[in-house]
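I have a structure here, written as structure tokens, and I will follow up with some questions on it.
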Amino acid sequence: MSMLSDFMFISAGLFCIGIYIVLSKRNAIQILIGIELMINAAILNLVAFGKYDDLANSGQVFALFAIVLAAAAVAVALAIILNVYRQYKTIDPAKVERLKD
Amino acid sequence: METVLTHSDISVIQLAVTAVVLPFVAFLLNLFIVPRQSKLSGVLSGLAIGASLALSVFVFFEVWNQPALHVQQIWFTVGSTQIRLGIWLNNLSVLMLLLVSAIALPVHVYSIAYMKGDNHYTRYFAYLSLFCFAMLALVVVDNLLLLYAFWEMVGFASYLLIGFWFTREKAIQANKKAFLMNRIGDVALLTGIMLVYTHYDTFDIVTLFGDHSLATAAATATATKSVTIAGLCFLAGAVAKSAQFPLHTWLPDAMEGPTSVSALIHAATMVAAGIFLLGRVYPLFNTEVLTVIAIVGCFTAFMAATIALTQTDLKRILAYSTISQLGYMMMAMGIGAYSSALFHLATHAFFKCLLFLAAGVIIHEMQHLKRKHRLHIDAQNINNMGGLRKIMPVTFITCCVAALALIGFPLTAGCLSKDGILIQGFAWAEGKGWAYSIIPIGAVLTSLLTAFYIGRLMFKVFFGESGLEGISADSEPEAHEENPLLYLPMILLALGSLFPLFSLNPLKFESAWIVKGFADMVNKTESSGELVPFLISALSVCVVLIAYGVYVRQKLQWLKFKGVLFNMSYNQWYIDTFYNGIIVRAVVGLSRAASWFDTYVIDGIVKLIAGTGLVLSRISAWIDRYIIDGIIHSITYFVKQAGNFIRGFQTGRVQGYLFTMLIIVLALYILKTFI
Amino acid sequence: MNFYFTYILVALGLFGFAAVFALFGIYAERKVSAFIQDRLGPTETGKYGSLQTIADIIKLIQKELIVPSAADKILFVLAPFIIFVSVYMGFAALPWAPGLVPAKLNIGLFYIFAIVSVEALGILMAGWGSNNKYSLLGAMRSVAQIISYEIPAGFAIISVVMITQTLNLQDIATQQGVLSGESSRFLGFIDVGQAGGILAWNIFRAPHLIVAFAIYFIASLAESNRAPFDIPEAESELVSGFHTEYTGLGFAFVFLAEYSMMFLVSMLGVILFLGAWNTPLPNIGPAHLADYTTGTVWGIIWIVLKSLLLVGVQMWIRWTLPRFRVDQLMNLCWKVLTPLALLCMLISGVWRLWLM
Amino acid sequence: MAKSGAIGLKTVFGGLFLTLKHLFASKKRRVMDSVKSDNYFTEQNRGTNTIQYPSQQLPVPEVGRYQLFVEMDDCIVCDLCAKICPVDCIDIEAIKATEAIGQTSDGTTKRLYAAKFDIDMAKCMYCGLCTVVCPTECITMTNQYDKSVQELDLLTYKFSEMDPALAEEKRRLFDEQQAEKQAAKLAAMKKKENGE
Amino acid sequence: MNINQVLFYVMGFTALASALIVAASKNLVRSVFMFFVTLFALAGLYVFALADFVAVTQIVIYVGGVLVLMLFAFMLSNKETLNSLQNKTGNKFIAINNMAALLAAGLFLVILVNAIIKARPDGIVWIQHAQRVNPPRTDNLGNIGVNLMTNYLLPFEVISIILMMALIGAVHLSRKEEHKL
């Protein structure tokens, strides 16, 4: 029995949880976690399909790329969050309204 | 000139090279490794020069009166021209090698004591070693270019050493002056080298001036104009380095350096480099040039001697004496007394070096007195001295030997060399017309003047009463001349100033081995040869006695210390004044004119262009501000209004956007699936 | 299902080893420190005080587990176990002798490197969970330090991997001795594939690996928070860093983790650089010293001996060098070790391409 | 940078070898030598320095100034030591005797009983003033320094051998004698008054 | 149902459950640590997809890097949440103001599941082919390396540049200097 569809169900669940976190949370770091969950769901799919690509390993290779990109994105996002916090003393994206001092 | 060299010859050359390089090693060590003010540096340099001396002695005995040794290798190639460099050891080279190291060693030893406690002890010895290296290298290289390089290096080391106490304004001025004066000569020398190169197509000294050389043939046969000019250029180089008229004024000022430096460089070795140069390129000179050399030498000798008569600064007197003696050598070169010139060079090195070292000790003593009694006097002024023979017997005796040698008193080395020059001078002038005999007569006069000024020096310093009021020197109870490192070199040099080192026969200069070592350019003479020395010696003694009468006995008051002649002598023939007044002022005036031109003419043009540019830019600014900006502002106004209108649609909430997007995706999917 | 039983036995064995090592490690550390400071150390409990640690452990087990009232209880309680487990799991991939490795992993080296980095998370949990500013500061410092020093350590490891061409620790170990069957060259020139011995060790296979080893060793000191990199638990500033609030078993686990970490990094260093379980004795002509001293038992003996030697050096350094300041620590990492390690990596590439 | 690195390496290895030297020097144990010994200080630079106290002890000079001791036979209960004591650690209660009760070893006559002579060594600061003022030199400092006790009270040393009953007896005797004297005095006064 | 499958479902369940706790938890630090569990479980799932290298990379980068970074950022910035940690309110997973989000996410899940069921991924031709021709291998590490340096060289290089840009950007942004927004 193949577990490919099981992988995909898990991935779908994670993705929707990620969407829920992104939509509902009022905290930039939690939103970031939601995004990361979504990215991970995608990576899971990549890896699951990549199992059957033995020659080019495209699934795994792009999973690696995605992980690296996610890490880079997190670094930049956290830097932005820190900066925003320094300016506005809050990390609730809804409260960051003023564009200029 | 490729000669087959035996194995021992190669080792001799290697030893010679080692002798040259050793001081350089000492220089590098002192410069980079030895800590400041380390006692080690003096010992290091002394050991290096000592080793050089030992090697030089060996090399000397291997080469002297043997066929010259010569090795070469290719230095670089330009086009098809190969420049070779190498070592040429002939009689002249090894004599200079020996002389330089032999003089340098006592000076090093003396310096170890003399410079003790100086803040820049290591630097001093580094410079000294650098000088020794350059000087030794200068005498052995076989290539004019390299010779020029070391010539410059010698000058540079001299510059460093004159300005050694660089905190003294006068020392800075003096070393600048020396450097600039030397530069004039160096430029001339370089020109000479270039002329020689264009004429003979080689820099190789051996090819040019060795046996069967190009220049020998050229000078005798076809004396072209360029060769004459090249000879004059070489002469000018030698004149600058050996402080001959008219480029002599740097040497008295150079006395601002440490006295040991004066002894080594400005009395014995570096100034002799000019004479050496003449000796090296001797075959180049034709009769005209030789005559010029003789005239310059004779005049310098006479002029310097007259100046020395009235100076009061101890070191300055000696400096002028040096100039005078160098003039002697120059003159000897000019009259063809090649061997005698070199002989005098050697003997003079010993006794003049000794005189300077003695002066150093005396000045030391005077400074000691000055400090002890808190006086504000010039420690170098001979008027302040007197009676020092009792407290400084060793200095006195050695000084006497040196002074007698300088006068040319029989039984001293100076007697031999000086008489040689005089005798050959008379021989040379014989049968050439009365005008030529001015030169030997001038030489004799100079010799008498020499006797007078050195007598004055000796009497003022060592005899009579102290020039300082209320202080009798002999009441000083403490021990003087305490440091053997100070007077040991002096004793050695004093022994070197006596005749046995040079000749076993104290009366006949031809028997001196240096004279025998060089083939003379003048025919041997016998006429009046025996008479002249005795005559001059006798006259000299008379002159010394007069000096004794004047300065010790205080008789003969009719000798005026005023008047035109005195002033002329005292102010050094107004040569410095002349230089400052005419040449310096002319240069300053020229630069003022150039400055005026720059300020008013060139700047004016520039400002005019700038003003035009300014006006143009004002116009374009107006266009920019009102026409172009106007267009842009009107565009932005419209954009702004449009933006204000659209702004209402954008909340800036990412979550809102995402939510909207999700709703749309859902709606689309539902529409697509179910409808 | 028998092999599951084997798994559990192996796991228990490793835990037992870690515990016993910590026991004697602590004793040895106390003795070493005492001797270095001209003292005697523990003398009373047991002969030469050898039972002192056991007494301490019994005392720790008896102690009450105090959880501060303001602490985040779950994190606080979990943290020591996560710290220990992350280190402990690292032991799974380490080879002990030819053919003797708990888990044959293709990417064993990478696995250890990854799993050990989980320790940082445990430390953060402990620091945050304690709700104590010293703990939090210590945890932040510690994690910053561990993450920073993972970079030079990683590069140093990669420069070895580039030479050995495998991430499998057992393969890396085999390559450095007589069992490799292929030629291995001392400093890239002399073939010592048959002779084996000390010259076939990675550290001598390429000269720059000596530098890499030094970098790895320094970074491993920092990763296990040992002096001179012990600013996370600087007693004079932070009481004792992230484990300030721990008592009893929690504290015991933190300590266990620290000593296990010491052994882990030392053993990893030995495997990567110092010939793993290979004997230092070479085959010299007819005397097949290397062949005589290779085998399962010999392997265990060698690797434990070498690792203990490195642990000894760690202790020696701890009791010699003073603690770094934070800026010096980061300077050393980013301005010295990282460029050097990068250089090593570069040389490794060149070495691999041109010299091997 | 390179220079500081070189210095760093040099000092690191210097330190490491220093500690290594000490590590391997640890076999040598410190010799239990008195302070008076010439190599007392050099001994401390060699090997381990720990003194395992109960089983090893440093020799203490005989004139050590540690524990206070009172030779009660020589004490005349003059109370000078208690008065001079800066920390009041000596507590003396004297009872006057009805007659001279004996002599000290230097011949002073004793006229007081010490009902209580307690020294609280927990308070004592070892200044030694009591030994200076004692007229009979009965209170001295000894070189006993190990005074570990289980309870604080045990640090109070009681030197008086007089049991409370005997003290009470002596007090009573003295009171009686005083009363007798008083009575005699009263009688004498009365007699005088009467006589006048 | 062999032990591998059991483990797989345990992992999958752990991942989903921990992700739900991450979503539900009010305590941010705990939710971050719970996220760590999710990531670990995901790494386990990767192993089941025969991608152990990706699994280990996941641990190194996410656990060792990203999570720690998040915690750092959180501890450096979030004073409000720090305060809310002290006075914990009830765990309101289903709150009125989150209903819309919950609804949207739920609907999306339904759609996704629907789509997956419809797509029948196990029946895709190339996957069945691959299963028949060359069954999946476990030791594909070397293959990945070779592929990275040949087939995917361009994306590999590009990603390294992007990574560097991101790092420089992050460093620039988080510098202490004052700079105008």
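By letter and in written order, the chains are A, B, C, D and E; residue numbering begins at 1 in each of them.
One rule holds in what follows: a residue touches a chain if its C-beta (ideal position, glycine included) is under 8 Å from a C-beta of that chain, and two chains touch if they have at least 3 such contacts.
A quick note: this is a predicted structure, and the numbers were derived from the prediction, not measured.
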Neighbouring chains common to chain B and chain D, by label: none
Mutual neighbours - chains that touch chain D and chain E alike: C
Per-chain Cα centre nearest the global Cα centre, belonging to chain: C
Among all chain pairs, the one with the most C-beta contacts: A-E
Inter-chain centre distance, chain C versus chain D - centres from mean C-alpha coordinates, in Å: 57
Length of the line joining the C-alpha centres of chain B and chain C, rounded to whole Å: 71
CA centroid of chain A to CA centroid of chain C, Å: 34
Chain A and chain B: spacing of chain centres that average the CA atoms, whole Å: 82
Residues of chain B touching at least two other chains: 659, 662
For chain A, residues contacting two or more additional chains: 19, 23
Shared interface positions of chain E, touching two or more other chains: 53, 57, 65, 72, 100-101, 104, 108
Set of all touching chain pairs, with the criterion as stated earlier: A-B, A-E, B-E, C-D, C-E
Chain D-facing residues of chain C, complex: 32, 34-40, 43, 316-317, 319-321, 336
Residues of chain E defined as touching chain A within the complex: 5, 8-9, 12, 15-16, 19-20, 22-23, 28, 31-32, 35, 38-39, 42, 45-46, 48-51, 53-54, 57-58, 61-62, 65-66, 69-70, 72-74, 76-78, 80-81, 97-98, 100-102, 104-106, 108-109, 112-113, 116-117, 120-122, 126-127, 130-131, 134, 136-137, 140, 143-144, 147-148, 151-152, 155-156, 159, 162-163, 166-167, 169-174, 180-181
In the complex, chain E residues that touch chain C: 27, 29-30, 33, 36, 52-53, 56-57, 59-60, 63-65, 67-68, 71-72, 75, 85, 138-139, 141
Contact footprint of chain E on chain B as seen in their complex: 659, 662-663, 665-666, 669, 673
Residue numbers on chain C that touch chain E, as the complex places them: 72, 74-75, 105-107, 110-111, 113-115, 117-118, 120-121, 124-125, 128, 136, 140, 143-144, 147, 150, 167
